[in-house]
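Structures given as structure tokens follow.
Look at the two complexes coming up: subunit A is in both, with subunit B in one and subunit C in the other.
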Partner chain A sequence: MSDQTHVHTGHDLAPGEEEQHSVGERILGYVVGLALALLLTATSFFIAGTDLVWQPSIPVALIVLAIAQMGVHLVFFLHITTGPDNTNNVLALAFGLLVVFLVVGGTVWIMSHLNQNMPPMDQIMPMRR
Partner chain B sequence: MSMTAAVGRTHADPHHIGLVVEHPGPASKRIVTAYGFWVFLLSDIVMFSCFFAAYAVLSGQTADGPRGSEIFEQRNVAIETVCLLLSSFTCGMASIAADVRNRFWFYLGMAVTCVLGLIFLVIEFREFADLVARGYGPSRSAFLSSFFSLVGCHGLHVSAGVLWLLTMMAQVFAKGFRADVLRRMMCFALFWHALDIIWVGVFSVVYLLGSAV
Partner chain C sequence: MLGKLDWSAIPFDQPIPLVAGAVVLVAILGVLIWVVVKGHLPYLWHEWITSVDHKRIGVMYILLASVMLLRGGSDAIMMRIQQAVAYQSQGYLPPEHYNQIFSAHGTIMIFFVAMPFVIGLMNLVVPLQLGVRDVAFPTLNSVGFWLTATGALLVNLSLVIGEFARTGWLAFPPLSGLSYSPGVGVDYYAWSLQISGVGTLVAGINLVTTVLKLRTKGMNYLRMPMFCWTTLASNLLIVAAFPILTATLAMLLLDRYLGFHFFTNEAGGNVMMFMNLIWAWGHPEVYILVLPAFGIFSEVVSTFSGKALFGYRSMVLATMAICVISFMVWLHHFFTMGAGPDVNAIFGIASMIIAIPTGVKIYNWLFTMYGGRIRFATPMLWSVGFMVTFIIGGLTGVLVAVPPADFMLHNSMFLVAHFHNVIIGGVLFGAFAGFEYWFPKAFGFRLDERWGKAAFWFTFLGFYVTFMPLYIAGMLGMTRRLQHYDVAAWRPWMIVAVFGMAVLSIGVICQIVQLVVSIRNREALRDRTGDPWDGRSLEWATSSPPPVFNFAFHPDVRGEDAYWDMKIRAQQQSLEHEEPEYHDIEMPKNSPTGFVCAFFATIMGFALIWHIWWMVILGGIGAFATFVVFAWRDHDEYVIPAAEVAAIDRVNLEERRSLVSMAGAI
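Right, the complex of A and B next:
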């Protein structure tokens, strides 16, 4: 009977809960998260007001920095990991993100097409003249 | 190897796949509560995404009123952002203190979180009052309507969070670190961190993109 493998299905982790760490390691995690978040925030504010970079790249850079900072918050403050004990939390998050992208992306996409097909009145009037 | 052990193994491995799974039973109440609250937070984020979508569509519809770059003050937004970030950190410290049942650090962390949250709210309220006093209230243009509803909704969440924070301090003071109080504390920490994530979206999309474009 030695071919049997014992699988220990331990409990899942609650969202926001860490695996067993000492207090010092947990505080260190928050410090690292805070430092990364402050760095990304400072970069965002710097990029928004600078003339050093190509101007059309600024909106893209701001969005990328925002997504990166949200990731930092999720990992270091909310302790969402890719571990097997976190599968439920990650799946719920993935579904939430899917809905968020459908709502925001779909709205922007549809409304920009509507604006092209049906320009507001102040843009139509010059055409008629 | 005894006979009973073999029978027991057969029971644990009914399909003879050579894999014995020891089921630990239903999840603990702490996990169920936090998971339910996590689902609520995600639905809250979906609600905020509707406000973000409305803002993205309406941000150009100023009706000859002020544009975003004319009314946003970067310095105030930077102070607000740092306040919320630091309060997220101190909230994490308070939840660690609650886990190790250290009252002093718990009260200190929660008090600092509360003060930082209140500073954020005061700055935001003064910004709103200033805009309304200049005639740029939410009824001035579609852009300002969507701006006030998005940022104001986040501000309402922070206000509710501050009230919840004070309730948690009172509960720990009156009841101590009981299991149910610790569960509520965990939900509060999740809520506060999620508000910070939403603020990252707000300051990037509304304030920084609004003044850059």
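Right, the complex of A and C next:
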């Protein structure tokens, strides 16, 4: 991206390769991440079993919590940031998400349409009547 | 003790595979004995087998691909002869043998010819084009190559021990399930692809990292040669798509080994899920193969037209567009399998859209040639032949992307003709162009032009005579994979095709003769400057063959066509003749990790195929132990002293100076 791409020490760092932070700061980061991850996990288990909230909202709540969990992992453990040192990692993540979205979404869509030209017998029989 | 393996596994009643196997065995033994007696074994071990040099690994990949091309080609010849004679008769190949042959032909040509050929060329050239000394993970690179070789070995082992799959090259269930394929054929197929798939994934990760992280000074993304861009796109696709193949085959293996029901007809399995997943890998795979070929043609066309590539940025954009859209079209491989018009229409349109960036590329190559001083050397012939052939293949591709047309042509010989049209005309011509173009770089002498041109013309014409009749046979309703048939109208076209196959084979023989003749005349064909074609990118800026460290200094890149730029500057400024200051260079040490890993993987794969469980554990422990030993190594680099670097570099510098001053005089 920039003109100063060097052979060994580029701007771009591999995940977890920060140099500037001290050990104390890094441990603090991991502890905060762990606490958040545990909190989100505990909340998920609590919500799954509770009847305090409107029942149909539970699956949605679990999906939101799961996505938040992924975010916590990416930020605190995989060290994905928005800084200029992280362009490649963010792009790789975006490409991965795009491919997963295309393949999983496409698969669900395709598989739910596969019987369109050949409905099962029990659907053909009512049609005949 | 030996699982399912006993003497009945050897096909004593079938002369063809047995004789072929015996001949190959004798040849291999002969070569081994010759190597040992002549004392070449230490050289081979230290310089090649354990080498982590990307150039050597690239050459070994290409060697593997060439040998397997002969194997896959013999399968093709047998099939064409069978279809020429099997009119109202059984032909000479019994059905179960014929089915194994077409399955093996597809599997070998895609996984063990096309893949290693393009990965080999990328390995050989990309670090040189980027102006760096090595790939990102040299030892991993060697592991990847040897695991690919393991897969190839297992597939060929099935010729004499047991059988190969009779399911076609993608082993669709329920045919590939345990109830319809109880033998070891599908297991051979699946385990060899699992093992070589790991090798391919490793190669993909390595090359993506190399392009993203290792570039010389000033080599920013928009100054990279086109081949580096297509390498990046192709390897991104490998990293994204190959895990799908691995997961799909793993599910098939669970069905076969542990009684799971992913792809069975009963107990909630769905065979269509296999179809869906395998093509979600399979379509990107097509572009994994053809994108590097597009890169090769870009380099070749620009070099031999003496012009910078026309529309470089549009070419980059087209490459990356193909990289993404290739993940949106996979359903066009199974239009006929039940999906309704919404799904079919969307995927049909996406399949037509992907032809647009490809069309952009064709125009860019044409405009690169327009107004250029074109030299029709062998690599350029392959490139022009590609453009003509690939356009025809692309047009028939757009035709079958139309769902109603596909309903007529699905699984017909028309389809067979179409994908051979794009894979031979695209990937194979590209591989041959790259082979002719970069051979002088790898070995320090050119290939013989006369034999090269003969090889091109025989292959080119032979291709048309073989595959155009298949289009017609498909139009006449002939389906693919027929062991015999009773329709008189198809017969003449099958006979024409077998003649085409003969012409095509002469082309292959010419290529072998070319290699032999060139090696014998290597002194006359020697290239001392390192720049035999008047090249434009950095691989030509070092000697041929390049020293192990590639470049004594990291080149300083100031624009596109880095080396062309340097040559122009050198002519204008009259080269300064003072001696540069050389430094020590650290290079990775050779390592037997890859070979030993692959040795244990072979044992494990073979044992898994035959259910020899103690041997599976042995192989698994061995492979893991190799990894542990490598992970705990102390020293993995050695130093080449500055004096040695200087001695190697001075010779080449002298040759180059005389070349530049001569060019200046003209």
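Keep in mind that, in the parts below, the second predicted complex is superposed on the first by the 101 of 129 C-alpha atoms of A that agree within 3 Å, B and C clash if a C-alpha of one lies under 4 Å from a C-alpha of the other, contacts with A are read in each partner's own complex, and residues count from 1 in each chain.
Just so we're on the same page, contacts are C-beta pairs under 8 Å (C-beta built on N, C-alpha and C of every residue); 3 or more make two chains touch, one makes a residue touch a chain.
In this text, all values refer to a predicted model and were calculated from it rather than measured experimentally.
When the two complexes are overlaid on their common chain A, residue A:H113 makes contact with subunit C while staying clear of subunit B. Of the two partner chains placed by the overlay, subunit B and subunit C both lie in contact with A:N88. When the shared chain is aligned, subunit B comes close enough to touch A:T41, but subunit C does not. Once chain A of one complex is fitted onto chain A of the other, the partner contacts of A:V99 extend to both subunit B and subunit C. When the two structures are aligned on the shared chain, A:L28 is found in touch with neither subunit B nor subunit C.
Once the two structures are overlaid, the count of subunit A residues touched is higher for B than for its counterpart among subunit B and subunit C.
By the touch criterion defined above, A:L78 reaches subunit B but does not reach subunit C.
Contacts of A:Q69 after superposition on the shared chain: subunit B is touched, whereas subunit C is not. Of the two partner chains placed around the shared chain by superposition, subunit B is the only one that A:I58 touches, whereas subunit C remains out of contact.
Across the two superposed structures, the residue set of subunit A contacted by subunit B and also by subunit C is 1, 3, 5-7, 10, 12, 88, 95-96, 99, 103, 107, 111. Chain contact summary for the complex, subunit C toward subunit A: residues 132, 212-221, 236, 240, 244, 270, 272-273, 276-277, 280, 324, 327-328, 330-331, 337-340, 342-343, 554.
On the subunit A side of its complex with subunit C, the touching residues are 1-3, 5-7, 10, 12, 88, 95-96, 98-99, 102-103, 106-107, 109-111, 113-118.
If you check the complex, the residues on subunit B that touch subunit A are 1, 6, 9, 13, 18-24, 27-28, 30-31, 33-35, 37-39, 42-43, 45-46, 49-50, 52-54, 56-57, 74, 78, 81-82, 85-86, 88-89, 92-93, 96, 100, 186, 189-190, 193-194, 196-197, 200-201, 203-205, 208-209, 211-213.
Of all residues in subunit A, those touching subunit B in their complex are 1, 3-17, 23, 26-27, 30-31, 33-34, 37-38, 41, 44-45, 47-49, 58-59, 62-63, 65-66, 69-70, 73-74, 77-78, 88-89, 92-93, 95-96, 99-100, 103-104, 107-108, 111.
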